[in-house]
Amino acid sequence: MKICKVEKTLVSTNRIRDLGHRPLLVVQEKAGGPRTVAVDAVGCVPGDWVIVVGSSAAREAAGDKSYPSDATIVGIIDYWEEQ
Amino acid sequence: MKICKVEKTLVSTNRIRDLGHRPLLVVQEKAGGPRTVAVDAVGCVPGDWVIVVGSSAAREAAGDKSYPSDATIVGIIDYWEEQ
Amino acid sequence: MKICKVEKTLVSTNRIRDLGHRPLLVVQEKAGGPRTVAVDAVGCVPGDWVIVVGSSAAREAAGDKSYPSDATIVGIIDYWEEQ
Amino acid sequence: MKICKVEKTLVSTNRIRDLGHRPLLVVQEKAGGPRTVAVDAVGCVPGDWVIVVGSSAAREAAGDKSYPSDATIVGIIDYWEEQ
Amino acid sequence: MKICKVEKTLVSTNRIRDLGHRPLLVVQEKAGGPRTVAVDAVGCVPGDWVIVVGSSAAREAAGDKSYPSDATIVGIIDYWEEQ
């Protein structure tokens, strides 16, 4: 799993129905690095350091085996110092 | 999921039957970066910034668990500023 | 999916039975880049620019869900200019 | 599978229920490299060099096909010299 | 699939039961590059250039859909010149 920082919510009105209304968050592995998108399964806020699961596990972690996610936030890290 | 910009349609006449007639789009994570190919599941046009799902989720996102995609466009981002 | 150029056939006499007699091709995303191996599902020749699907979709694209491929050529691009 | 060194336990109180109480460990492929998180299936301690399996195999290796892991420690290496 | 050179056997006494007694080999895509671990399904020796399959195909290639591998050696290349 990757360690990422939550930056903000991503607004995407035109999306496939399977994505539903789950919040999509922009996350970064490190400041200045590439931004990617993760589905929130724990309820986090911008600034949180979180654990992001990828691969096929991201689907089940999103709560449903057929959910189309390849990156799902599965936990908030209690304390993390940026590197 | 990755954040990509749609560049253009990719023409591939000789393709396996399972790909069907779905549009294949050339996308880029950033200007000057490598070009990859994604299946369009939302109806986007060149210039759109989109959300691309990979891994095994790309198959179901393309509308059918047996569709041979490893990168499917699942949403158009309302507003995105290139970085 | 990745965009690759076909370089040549790879000869591997000692292989697991599940690979069968399918042609294995050496492909490259760009000249001078790393060489990888893909299973040919369309019938291409050295010099062709092709679409290579990875992840779990590569298995079904090879014609059988249990085929041990993580990279399968699913289409020949009509026209592609090297970058 | 990757060869990683175990750094420490990761504390994440707020996590999805499917993760259970399994220890999550911070691991590194090399000193100074990026830190990632792996589920411990063998019982290792900080300083151990371990084998980390990814992809969909990480789920089953964690003991249950529906466990949401994309990186699971499946073995401790008897002797490994850092490179 | 990746093209790798077999370096040596990896000894891991403390491993999960699902790994069984299959040989685990240290492989490299190129001299000086990162070392990774692959399960041997063909019977190769140090110095061989081999084809390594990843993703979910690595499990079935190891002989059993529930085998926890994300990298399995599926063929020995008859002739390969290091690059």
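Letters are used for the chains, namely A, B, C, D and E, taken in the order the chains are written, and counting of residues starts over at 1 for each.
As a working rule, a residue touches a chain if its C-beta (ideal position, glycine included) is under 8 Å from a C-beta of that chain, and two chains touch if they have at least 3 such contacts.
What you are looking at is a predicted structure, and each value in this text was computed from that prediction instead of being measured.
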item	value
Intersection of contact partners for subunit B and subunit E	C
Interface composition of copies subunit D and subunit E: same or different, split at half	different
Length of the line joining the C-alpha centres of subunit C and subunit D, rounded to whole Å	32
Interchain centroid distance [CA atoms averaged], subunit A/subunit D, Å	20
Subunit D residues counted as touching two or more neighbouring chains	54-56, 58
Touch-based graph of the chains, sorted into line, ring, star, complete or other	ring
Running round the ring (origin subunit A, first step to subunit B), the chains in order	A, B, C, E, D
Partner subunit B, residues of subunit C touching it in the complex	1-3, 29-30, 41-43, 51, 53-58, 60-61, 72, 74-79, 83
Subunit D - residues contacting subunit A, complex	10-16, 18-19, 24, 26, 34-38, 54-56, 58-59, 66-71
